[in-house]
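Okay, so subunit A shows up in both of these, paired with subunit B first and subunit C after.
And now, the complex of A and B:
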């Protein structure tokens, strides 16, 4: 007997995955949620893998991206303009914070966690005060769903899947195929040698952090039509994002993406089969078991 | 990351920093945070009556805590302006419980032990009420009034509930949903005490009126992906979704439900905490037809409610308006019922006030009159069923008189 079934009718509901009419939405939703997750984790992964900093304010960078779209929409600007502005706005905040605070934490990762956690609380409570603690919807540039007979596929989630793929590829190209990417990797592997070779590591770190913040801002901007804006918007993603980075392997950018896709897919897929409350827990159990057998992460070979 | 990136600060420098920081921190601690004292204007001969408000001014429940504190300020100002209570002014002491139960217990202990308040109002969530009630009622020997709609079953002596109970929210609402939606119900819920207990009650009422519960499912409170349950709802021909998930999950759930075409296929969405605050969580078209049942909506359009709404909006703005779902009407009712009882008892002693509260009545209020049902510590009030239409509520049914809370009988 599957967990969480109360009567025969519910059992029928659970069994309907074999039906193609529900298999397509299942596949789509798993894909869409994984895409959202990858988008959120990208920025976190870049900062964690390139700089060794676990940025606890990442969820709040996502929130700031969402807030940018919301504020601009309040002034009558269409939401797609807000979504383009969001990464730049959050990048500026990221750069400012990096110069003011984060750069002092590089030598002490534990202090960095606490420091970014404090920044997170300050940002979150500031936005809460501005919003009066309430939730507000933000319109998607594309609303509604594609309806194909009985099936309906959310338009905006489709757009998010496409954008995620594009952003993923562009980020990967930036980090592996450009001079900037080379400098970033050099600074990661041997900061002293990188400095000796004429790379300003402090500037590279600032740029990387800014880039990570921009990705978070983009994620927030794109997600806000789905989640509605509220001060705690970024919180549910944070812990699972760290799980994704850990799962993928801290040293590699690709690892974080694989980890994120995996965590996103399991989080979305498990509730189709078992109680959501159990599923939520199981995601962590599965991840911990994997990390037990591959403590270096799934893609440990990465670039280290 | 490697240590060579930055040179370590000198030892003496560290010590100086440490001293600077500890002195800053201890200074902050000494000042204390989150406590607000509102003294009545001068010119009173008698010592003030102390009213303590313990509510979540910050944290996720802040949207409700802030207007709760505001309505208390408004009511107390009104009472003081009209000569106070039994010849004494009222002093309001507001403590921020910050949506944090551990912290709340300390703050509430300060209210009852140090400030020695005569009554405590507050708490929004059930977990908060459960955390602070013992400190107030048993150890603090103080009267406690809880303003929010909740799951019922709270029969602690000296604890009075002035918000709606499951009976008040379900007894007429569910038959209405069956008539205006259908017989097949689905109960998607957040996994904490309120939905669990409310669903138990709702299931009984649904089955009593010939409906059936197709599924009852609990999600972690911050769950944000609902495709599985949406698919179950759509594929099993559910007529009514009786929602007790809470934000941040609710907007995602409602959007996924809408995009899957639930309403288009004739489905009815219901949610008993939905008020004016929650209307903006999703675009209006996604909750078109959503039905709620509360003790007050602005759309009730009663003269008393309108006047209070305007006064409240004028004084505190409309960011957190007078709304029933965030316990503001319950707080108004609680404060005024308590004031009536103090007048009648001509005392602020706990037993005297509690005795007088048993028969306390309000002739009018936002949404209509109300009264404590003797021997139950709960409040009978008028209830309204409202349906969301184009981003506003329309009242579709008004209770003919006071609705009984049906608790502790």
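And now, the complex of A and C:
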């Protein structure tokens, strides 16, 4: 349940932060965590902006991504195969759920909340039954660290950061440079007009949901070597990602990323300064208070 | 609120009171019929029914999505458990009011954050705020050794009145049942009063009620706090009935369960909450024990029952949003009438029940 940030404890044992030799790995940890978190939140934010529903099953998509890697590793396949498979597997699950259930909910966001909540519960409990309620670890495909002089930087965290940057650039290109991206932006701005112009918003919505699920699956797969797998690993991610999306502002992709970067960096950096439990509490409370006084999100001012 | 009267309305008969009476008649003689284990089981249902009622009040009547009912339940349970173990209190006359009060105060604090304020918060924000509160407090409690950390607080003393100890069993059952009936009647009156009419208005069209000049947030906050009171009382009873309270009773898992009970039973009818608790708890316990299902199914149900519950909730939300009660009760009766029924209605039985009544007073 509690994702004690393992590297946080390790890092604190390594000594003072003021020492530059431990400050760089610290920065890297924060960056890697934020990178994973940006992936999760981007998926959630895209769905929330596009269809106006908050997908409560998003945390479970992360869990499914992690579980895919675990299952494949149990069959003897190296874990990087699992990590490539995870986004596709979760995307399939997402597409199936969207066609079967979630597309009925678009008109009523409240029912959508309850419906996705039910889906989340079924998925989580299914994984719990399969895992037997225990915690599991998966080894990273790249173990060890790059050594630059006296600095050592974890290879796997570097990979995570690079992959995230690539995914962000590709998503951006997809949105701004392709015909499909144009359709997506049209459906976001004005669904009725988009339909009138011959764009199948239903198909765009399905694609968006699948894409969001795939991002969650990718994040789940990438984070497996850092966190242990358990049925409840998605729940804290879900809550934090919601806060991040609301913080950034629903309705813009940039907003989700900014919100994710803020929440991710704070919640990864704070446990060095204070106790992890208190740090979590602080992040939640600060985010809730900001959202209360700025319900339209941080970025909306810049857009107007 | 503009419920049109369907042709079948002339043959309109009330079903809800009969369900209520039937449930009461089933519940009252239970201790004579059941053995000790089932009395404990029935008591637990009564206690959880209070929790479900509290959720039904906020979601079914005021339209506030609260994923944090377990927070009030758990905090009240913990407080009374601490009072009992650290200060040696066991009087029911002190502990249960304290539990209710704690629930009220915690709910009010949460309401100050997520409900009150200059702007009307979005329903998603309220849902998220309550969920976050529930999750954060569970984490805090899990890491706090003074309140038992992961293990919670166990071996609570029995509740007592003067020198009489309320044993788990017949005495506790009747106490829980009596409290359930009292709060049920209170809520039944409340949601059919003019206050309930405003709540129904808020649920249907918040901006219109705001335009009428009602202070929507005050109504929501009061309802939310009252629900917190009931959930708190339920938590206090639960802790002493089980003799144990743990972090699991605080978190999103139990909050989910409250949602599940009410949505399954029938949201927006008080009796639906109680039906939901009874049916889900009974099935959850009995079904894995039925041998006729075959060993494979049985084995699956032992671990996989929550999966079935999740799917059940999904199917309910998608195809039967009125829940179990929706099968028995007409839409018109589910929405119900407010205040005193007009005199002429009894005679003709065909007047729309939700006619605006402000004009008369």
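We take it that the second predicted complex is superposed on the first by the 267 of 304 C-alpha atoms of A that agree within 3 Å, B and C clash if a C-alpha of one lies under 4 Å from a C-alpha of the other, contacts with A are read in each partner's own complex, and residues count from 1 in each chain.
By definition in this document, a contact is a pair of C-beta atoms (placed from the backbone, for glycine too) under 8 Å apart; a residue touches a chain by one contact, two chains touch by 3 or more.
Here the structure is a predicted model, which is why all the values come from computation and not from measurement.
By the document's definition of touching, of the two partners only subunit C reaches A:111; subunit B does not.
The partner of subunit A that touches more of its residues, comparing subunit B with subunit C, is B. Judged by the touch definition given at the top, the superposed model places A:147 against subunit B, while subunit C stays out of reach.
In the superposition on chain A, A:227 makes contact with subunit B only, while subunit C stays out of contact range. Shared-chain residue A:235: touches subunit B and subunit C both. By the touch criterion defined above, A:277 reaches both subunit B and subunit C. In the superposition on chain A, A:290 makes contact with neither subunit B nor subunit C. In the superposed pair of complexes, A:268 makes contact with subunit B only, with no contact to subunit C.
In the superposed model, A:121 lies in contact with subunit C only, and not with subunit B. In the superposition on chain A, contact of A:134 is made with subunit B only, not with subunit C. Across the two superposed structures, the residue set of subunit A contacted by subunit B and also by subunit C is 104, 109, 125, 128, 235-236, 277, 280. Across the interface of their complex, subunit A is touched by residues 1-6, 8, 58, 60-64, 66, 191, 214-220, 222-225, 227-229, 231-232, 235-236, 247-248, 251-252, 255-256, 259-261, 277-278, 280-283, 319-320 of subunit B.
Every residue of subunit A that touches subunit C in the complex is listed here, in rising order: 1-2, 54, 101, 104, 109-111, 113-115, 117-126, 128-129, 235-236, 239, 242-243, 246, 277, 280-281, 284-285, 288-289, 291-292, 295. Contact residues of subunit C toward subunit A in the complex are 65, 113-114, 117, 119, 121-125, 127-129, 131-132, 135-136, 139-140, 142-143, 252, 256, 259, 263, 303-304, 306-307, 309-311, 313-314, 317-318, 321. On the side of subunit A, the complex with subunit B involves touching residues 4, 6, 9-10, 12-14, 16, 19, 21-22, 25-26, 29-30, 33, 51-53, 104, 106-107, 109, 125, 128, 132-137, 139, 143-145, 147, 152, 154, 191-192, 201, 226-228, 230-233, 235-236, 267-268, 271-272, 275-277, 280.
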